[in-house]
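A single structure is presented below for examination.
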Amino acid sequence: MADQEWKSSITDIGPGKIRVRGYDITQIMDKLSFAETVFLILKGELPTGAEAEMMRAILVASIDHGCSPPSVLGTRNVVSGGNPLNAAIAGGVLVIGDSHGGAIENAARIMQEWAAKEGDINQLAAGLVDYMKTNKIRMPGFGHRLHNVDPRTLKLFEIAARNNFSGRHIELCRAIEQALAEKLGKKLPINVDGAIAAVISDMGFDWRLGKGFFIISRVPGLLAHAYEEMTREKPMRQLGNRNYGYDGPAEREIP
Amino acid sequence: MADQEWKSSITDIGPGKIRVRGYDITQIMDKLSFAETVFLILKGELPTGAEAEMMRAILVASIDHGCSPPSVLGTRNVVSGGNPLNAAIAGGVLVIGDSHGGAIENAARIMQEWAAKEGDINQLAAGLVDYMKTNKIRMPGFGHRLHNVDPRTLKLFEIAARNNFSGRHIELCRAIEQALAEKLGKKLPINVDGAIAAVISDMGFDWRLGKGFFIISRVPGLLAHAYEEMTREKPMRQLGNRNYGYDGPAEREIP
Amino acid sequence: MADQEWKSSITDIGPGKIRVRGYDITQIMDKLSFAETVFLILKGELPTGAEAEMMRAILVASIDHGCSPPSVLGTRNVVSGGNPLNAAIAGGVLVIGDSHGGAIENAARIMQEWAAKEGDINQLAAGLVDYMKTNKIRMPGFGHRLHNVDPRTLKLFEIAARNNFSGRHIELCRAIEQALAEKLGKKLPINVDGAIAAVISDMGFDWRLGKGFFIISRVPGLLAHAYEEMTREKPMRQLGNRNYGYDGPAEREIP
Amino acid sequence: MADQEWKSSITDIGPGKIRVRGYDITQIMDKLSFAETVFLILKGELPTGAEAEMMRAILVASIDHGCSPPSVLGTRNVVSGGNPLNAAIAGGVLVIGDSHGGAIENAARIMQEWAAKEGDINQLAAGLVDYMKTNKIRMPGFGHRLHNVDPRTLKLFEIAARNNFSGRHIELCRAIEQALAEKLGKKLPINVDGAIAAVISDMGFDWRLGKGFFIISRVPGLLAHAYEEMTREKPMRQLGNRNYGYDGPAEREIP
């Protein structure tokens, strides 16, 4: 029995031909950064200069967060059990669920839903915070267990300002931060998940892709951990994600 | 019972502090491309300009290869079973094994072993091909089921030449291609796996990381397929990896 | 920094000691079937004779369903990419999501919610079907794409009757089948997912474990497919889940 | 393009028909235990009474080993990241690699290779231990980090004796234990992996299936851990696999 034909609009392949969203791979290799190519394959179109800068910043920002994230424990644990590199990366990505990286997705969903409503952005933010408060829902993308002020958030918004990249979702995001402070009486700063959620929403990405940007960014970090585990530790060791220390290079400056 | 302390030299974390290999994440966000950051986190040091260009080209080159690779089938099939995005990416990465993407790893291992020997590079290549022939081992990284001449390989070496990026492994790689033609009497052109193997070897990366560069590059492609499956197809459909057609944008030029 | 202590009530381990839910593993090895041990480890207590029979029947019933399920495609595809056995099983289990095996979980959730209400079981079933109809929700666990009457369902209820195993959830399940026929005017027979959902609910298992029984049962099937792929097929083959035929033993009888 | 047809000899499916290795699923549900059905689907034929008993004992023996195995950490960590049950099981199975459960596979491979040689079993065992000693290879399946004498091994051989189940591989396994003691001067008792390796080899299973029996057995244990994590712990908690205690039922007897 023949399978039913299906269609894809991503990449066209033939002998000597690889075209991503219509552009030849050799042209892409000549002209685009990896961040721009990521934008292209997910959006279907080339980014503007500002969008390319924001995509670069987003991917760079989440590349690693040390040994404590459960995804790192996942990757290292798969290596420790005696498995190949791809299984180790898969094992780490598998952990990136609703409680780990999921805030991007959820924050983007809420921002896209509320930014689509008509009206003044501050009033919308106030309405959203009231709604969350009444229904006892925690607003995802605000507050961080470790960082009082997440340095990545500030930098992301600074890069956005520098590139005149702004839109209704970033505005809403800032307005929510202020409304949370006013209505809850405590500072819940935008975290990197919330900031990324706002930026990808202003780029026009569906919130359901939210976790995806985090995964693309974090995979190289997971790979670094897999390789370190493979070359520095014994198999089947006792693994915990708190009892570690950093012994890499001291603080230094990019020239 | 307390766990034994362990060490990592990748990322140093503290309140308001995220330093990758000693560099503050905000500096990295200001100054580095994603490809450069990937180089940094895996190598521990910043790339030279030529290395940054090669890393960019490598990551861009393998971002997608249409619907036929088993990793794409893996990702789409996990979506089709009704699972979240991270499980779909994990499901695709899980497929990237010795028979799919594994040629980078194996080619890099062989090249690193033989390039480390003393002597003329052409004689080494001849010796290697003789060895493979005698032991009936297929040289990984040469020949392609679809492309007679892989356009990505030519472009990768062109970018290398343009940036004066060359080393003993790239030389060996070209010499092997010639030795294969002479000794086997048929053209087995360097494929993209072989080319990437040579380039990462000249960058000084351990061959055991080989599959990792492919995975970093391919994850955005898998994400695009996951999203297309999620938004365009019904759950639990009959899935095959041959019975599809391309219906995306026609050929176009990057301005 | 020491990790915070945590507790588990599953298995107590020490030198020469392995006790599952309080029972020594050597006693379990002497006295219990695997199905009984599965019941014990999940429920925390030994099954009655009827519960043991039902657990056996459930695990046996779902062991395999040929090559078309997406989980089989998942497992075979991971083997085809050149990966180890455990990755292949993981790749198959990863596919068992909301659209594949998820009906057990959802049907059990609905049955447990409605069976907990007071009142006559037929009136509850009628109310449930009205509710699903009004809200245009499809009742999970009823109807099958292939089998008009699922032979496993009939047998499962037959074994239940033979062992005098019955409870409010099985009654509700049968009442729903009748209410669906009356109110929708078409026969939507209980499928194996619905039957398993009713039986595990009458055993007192949380609906959130629903997919778990299916996974335990199906893993040996996935293993058989992984091994067949490994020993019978070439790597990186074109894989589809419709274009296959059966060439195993013809129909035969268990003596 | 139509996919190439492929064949499977596992399960024949049609409307109202599910036949595993030729036997109707309803007959199997009436007559076979789960362990017997596992044997059938993997071997293609029904087990003898003794084989059924051994398969039952093997599956029961490895169902769980408390919280310290890396596969348990894998499963719990995936739950902790906020993921569904099937992803949690997949995450645990993914960890079962060469260093965790791999000893069954490796021990079975060596036993099958050496038992196939002609000659006296004690001399073969002596030759094997000499070979391992000379080449500085550790014999897999002997010795245990926790148990001096693994209670599961003794019980497995006791059940084998009770059922008159014995063959060349079990004999070789015992002879190796003795040769190790004589030639290395220290007691390295057969562990449960080694014992299972010998038993499945005498059943005629390919060593490449070795890890598979462990996976089938351990999946219910992983499910119990996933459920406990889901219902007893908070998401994204700090997870280590040493800092836990047991708080389940005290020692008790199966009536």
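Worth pointing out:
As written, the chains take the letters A, B, C and D, and residue 1 is the first residue of each chain.
Here is the rule we use: a contact is a pair of C-beta atoms (placed from the backbone, for glycine too) under 8 Å apart; a residue touches a chain by one contact, two chains touch by 3 or more.
As the structure is a computational prediction, the values presented were derived from the model and not from experiment.
Of all chains, A has its CA centroid at the greatest distance from the CA centroid of chain D.
For the pair chain B and chain C, the distance between C-alpha centroids works out to 40 Å. In terms of their C-alpha centroids, the spacing between chain B and chain D amounts to 35 Å. Residue positions 2-3, 68, 83-84, 86-87, 90-91, 94-98, 238-243 of chain C are each in touch with at least two other chains. Taken as a graph of touching chains, this assembly is complete, with every chain in contact with every other.
By the touch rule above, chain A contacts chain C in their complex via residues 1-3, 83-84, 86-87, 90, 94, 240-243. Listing the residues of chain D that touch chain A in their complex gives 2-3, 68, 70-71, 73-74, 77-78, 80-83, 87, 90-91, 94-102, 235-236, 238-243.
Partner chain C is touched in their complex by these residues of chain D: 2-35, 37-38, 41-42, 44, 46, 56-57, 59-61, 63-68, 84-87, 89-91, 93-98, 101, 146-149, 151-152, 154-156, 159, 206, 208-209, 211-212, 215-217, 219-221, 223-228, 230-233, 237-240, 242-254.
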